[in-house]
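In the two complexes that follow, subunit A is the common piece, with subunit B as its partner first and subunit C second.
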Partner chain A sequence: MIELNIPPVLVYVVGAALLPLVGRGRVRRWFLVAVAVLGLVSAFTLKPQTSWVVPFSGFELVFLHADRLSLIMGYIFSFIGAAAILYGLDVVRENGEYICGLLYLGSALGAVFAGDFFTLYIFWEIMAFSSLGLVWYSRTERARNAGMRYILFHLFGGCAFLAGIVIHYMSTGSIAVGPVETGVGYFLLLMGIGVNTAFIPLHTWLPDAYPKATIAGAVFMSVYTTKTGVYVLARTFPGVEAVAYMGGVMALYGVIFALMQNDVRKLLSYHIVSQVGYMVAGIGIGTAIGIDGGIAHVFNHILYKALLFMCMGAVIYRTGRNNLTDLGGLARKMPVTMITCVIAALSISGVVGFNGYISKGMVIHAAEESHMHLLALALMLGSVGTFLSFLKLTYYTFFRRNEGIEAREAPLPMLIAMSVTAFFCVAIGVYPKMLYVILPYPEVAMEYRAYAPGHTAGTLELLLMTAFMFAALKVLIAPHERITYDIDYLYRKAGRGVIWFCEKPLMAFASAIDTDLRRLAGSFVWFSRNPAMASVVLLNATATRLGLMKPPAHAYGYRGEEKDDLSWEVPVKAIEEPRERLSIGTGILLVVIFFLLYLIVMLTHGWLA
Partner chain B sequence: MMLEEIPAFSAMFGFIGCLLIVALSKILGRWLQRREDYYRWLRSGSGGGEQG
Partner chain C sequence: MKVHTPLSLILMIACIVALVGLALLAYTYNGEIKGFYLLCGAIGVVFFLLATNVLSLIQKEGRYDD
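Let's look at the complex of A and B:
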């Protein structure tokens, strides 16, 4: 058995660096497959360890800190990375897009194996910028604008995150990734993580940018940013009650907004917000079963959500349409896509026998065990809404009659990636133990009985009722050619306000300061040309102005003939040009004296000492 | 008492939950939904974009 024992990020970064050299066509394909396989090997053969410690200006940067929590993230990240690489083989035309994808997935792996906050922060930022590439490679104006908003959000989050780290370091002297004590740094760090984890109201970048990303890019993006956020949350804020309730809010908010969407990938994006809510809730509950549930949901969610983005990507690729109002009738034309999509939809809805069921139930169970009944109800309500949404998505994409649509089945690499992912969605649902043994607290997870008869029957009852209600309320939730605005409306308005503020009051203020400073600088120049004479001129002018003195008969510097009507302007005119100038040598002498004085004062008072 | 012990709790919950969610999304939709090119239309002028 080969063991690489290197940080998996290395594989992908080297792969990204070599990609432009391998040319096009078949070689590129095999090269990409090789990178995917090597990545898988490097992640799956890792042993729990702390290595690759690099000393850096007094700190120890840990590039490979593998424990149970980071290992499970490594498994799923590298697995779905391989699937996404495979998926993109036929759609991705430009090398740049793959390079962004590889860097993005590599840095996400780098982040989960980082042992200290500083390394984590570096990978965190690389993720933000490389994923921006995945949006911008769509090369449309909408994508460009959305990418700009996306990166602004992440820069803000990154700054908050870094500030939180610095404050944490100042107060504890440690940069190891771990829980943070309360204070300003705590909130900054939480806010920084909250941007990536799509806390309401910091979530708007997600449904804004993901639907505009490239077809393969959206598959990558649906996985890494939010889940790395959840992972860091599990490291730094486990068991914070407010975080748990934020999870409940996200679960409901995402579902309600998803139901209003027409763009298929926007609908899926809102479901990321909602599903991440379950994970955040699990982390926030903080008991062993809560953390296990949250992390198990991360694992399962990555599988089915990437699969959903793959299926919808295939639909968009083959039909060129992305709105539910334009789709329909694809069940016959794209049967494999339809079947895998239905599997993913059943998984995300938590239908018995699919992987969503075994982890969602765990989180709800954890909430009930910790007596957070309100949270449990919110999460159950969320899963009702999820099922409604996905009945709607699959119905309007595949089953509704639409004769006017032309499409054929997706290309082979896509189908392979989709089928393998779908297989694992079912396999984990049927045999949950294969997931439970790799969770952070396996003993607790093994005791949880996903298929307890009461729970199974209850879930089935709930879902059947939801399906019935979907049929009854179909008219009400039919898609419309409408966009829905979210809190981003306020941000856009605020953004316009900021620009107005910069252009109008700020500019006026700046130009006023500019004029005054110039006048001040000018007068200094004038003064320094001959300080002695200038002070006499100034004194005279002031005295005259105060009425202490008559205007002098011959104003200083008045070059020219005698004039009888010496008026106020004369001294002013004189100010412009004192007659005698100080020599350069004298000027330097003054400067030297000044510095000497400064030096003496500094030494005696011990400044800078 | 666990909520799941109430008979047919899940079915009732599903029924009420669906109504609640659909109603919420309908009400919010009436308030928040705009034509598809809304933001472009806003930016293109028509009085400084304050018609929201």
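Let's look at the complex of A and C:
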């Protein structure tokens, strides 16, 4: 059996480095397929181990730490990476876009196989910058602006993450990826991870940037950033109740905003927030079944969400339209896309027989077992909203009558990628044991009865009622050409405020300081030219101002004017004393003054004690 | 923004219905009551419709968000 035993990140980074050498024709296609296959082999043949340990500046950086948790992430990342590479073969024109995609995929794999926080942080940041390329390759002004907001958010998250790591290291002396002690570092790490995991209200970069990415870029982006966040959360914050309830909030918040969207990819982006909520809830519950449920949902979500982005990408590619109000009537024109999209929609909605049903059920079951009934109810309501939202998406994209739309089926590489992904959505739903065996706690997962009669009947009741209500109240959730404000409205307002503050009051203050410093420096120069004369002039000026004496007109060249009138300097020649001696004296005086100040500061701060 | 009285009245009534429904769900939640999931589905749909309609008050006409 082939066993590469190398970090999968290497395959993709080397692939990205060599890509410019293969041009843009048929060779590029085969090269990319080879990279995808090699990446799959490198991830699927890994055994649990800790290797590729590199000593660096007193630390041991671990580039390959493979255990059950990282391996399952490696499997799904490399699988969907291969599907995304295949999907983009006919769509991606520029090599740069593929390079960004490969670096993004590689760095995500580097992050999940990192054995220490510093290595994790390095890949974390590479992910942010490489994914930015996938947004900017759209080459539109909207994409450029959204990319800028995206990277600002991730830089903020990265700074918080790094600060958390440093504080954690200083308090424990360890950089191994693992649970974190409570303190400032704990909150900074949670905030840094929260940005990538799209915690409310740190989520706004996601629905802002993903819809503006390139068609293939959005498929990559829907997979890696948030799921890497969930993975790190599972390593560092398992069983934190507040995290579990944050998951419940995310599940509902994402659905509500998704229901209001007109742009298909924005709708899907809000559903990432919602579905990541289920994963976060599972991790936050922290029991074996909770962690299994959360990670199973990561696995399943990657499959169906990537598939949804592929389907909507195909629709946009063929029609040039991305708003629900402009779509419709595509069921007959793009039948394979329609079928795969319906499979993905049923999967994400947790319909019985599809993969989402398995993992959602596990998370809700874990919440019930842990007596978190409110959380379980929130997650159940989230399922209702998700089904409602995807009834809307599929109906208005494929089934609503629209005679005016022109389209044909997506290119073959796209269809292959979509069909294979759809197959696994159904396969895992029908035979969940193939997923159970690779979960972190397989023995616990095996005990979970996904198709228990009560659970199955209950889910069917819930979804049938939702479908009935959708049919009855369809008119109320019909798409409109409207823009929905999210919390990012406040961020943008605040951002404009910050820019105004920097440009107006802060700049005015800075220039005032600048002017005063120049004036002060000028005064020192003036004084040092002839300290004795300057002292006399200053004393005279002070006495005159205080009314103690009349202005000594023209004495020593002073004409009763301001001290910066340099014309008085000429008569300075009247003083015959050597300047050097005076300068030394002044210098000594200044030294003494500074020394005194230094002593005062040291004494007041107790440094001499 | 001008809000017509009938709309606000309808929203208010619907909010009360949804809140009562959610309270009923939370109270009866154990998954063993017959028709619990049907009730959950119906109340869930009403809840989401209400939430989206309330939030639509802060929407603005247009195709792009920036």
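One rule holds for everything that comes next: the second predicted complex is superposed on the first by the 525 of 609 C-alpha atoms of A that agree within 3 Å, B and C clash if a C-alpha of one lies under 4 Å from a C-alpha of the other, contacts with A are read in each partner's own complex, and residues count from 1 in each chain.
Everything that follows uses one rule, which is that a contact is a pair of C-beta atoms (placed from the backbone, for glycine too) under 8 Å apart; a residue touches a chain by one contact, two chains touch by 3 or more.
Here the structure is a predicted model, which means the values were calculated and not measured.
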Notebook entry, point to check: Which term applies to subunit B and subunit C once both are placed on subunit A by superposition, clash or fit?
Noted result: clash
Checklist line | Which of subunit B and subunit C A:R68 touches, first, second, both or neither | finding: neither
Check: Where does A:R529 make contact in the superposed view: on subunit B (first), on subunit C (second), on both, or on neither?
Finding: neither
Item checked: Contacts of A:Y485 with subunit B and subunit C, given as first, second, both or neither -> both
Item checked: First (subunit B), second (subunit C), both or neither touched by A:R496 -> first
Next item on the list: Go through the superposed model and pick first if A:G454 touches only subunit B, second if only subunit C, both, or neither.
Entry: both
Item checked: Partner chain in contact with A:K333 - subunit B first, subunit C second, else both or neither -> neither
Check: Taking the superposition as given, does A:L463 touch the first partner, subunit B, the second, subunit C, both, or neither?
Finding: both
Notebook entry, point to check: Residue overlap on subunit A between the subunit B contact set and the subunit C contact set?
Noted result: 255-257, 259-260, 368, 373, 376-377, 380-381, 384-385, 388, 454, 457-459, 461-466, 469-470, 473, 476-477, 480-485
Note to self: Which stretch or stretches of subunit B touch subunit A in the complex?
What the structure shows: 2-4, 8-11, 13-15, 17-22, 24-26, 28-29, 32-36, 38-39, 49, 52
Check: In their shared complex, at which residues does subunit A touch subunit C?
Finding: 142, 145-146, 208, 255-257, 259-260, 262, 266, 323, 368, 373-374, 376-377, 380-381, 384-385, 388, 454, 457-459, 461-466, 469-470, 473, 476-477, 480-485
Margin query: Which residues of subunit C touch subunit A once you look at their complex with the stated criterion?
Written below: 25-26, 29, 31, 35-38, 40-42, 44-49, 51-53, 55-56, 58-66
Checklist line | Contacting residues of subunit A [partner subunit B, same complex] | finding: 255-257, 259-260, 368, 373, 376-377, 380-381, 384-385, 388, 454-455, 457-459, 461-466, 469-470, 473, 476-477, 480-486, 489, 492-493, 496
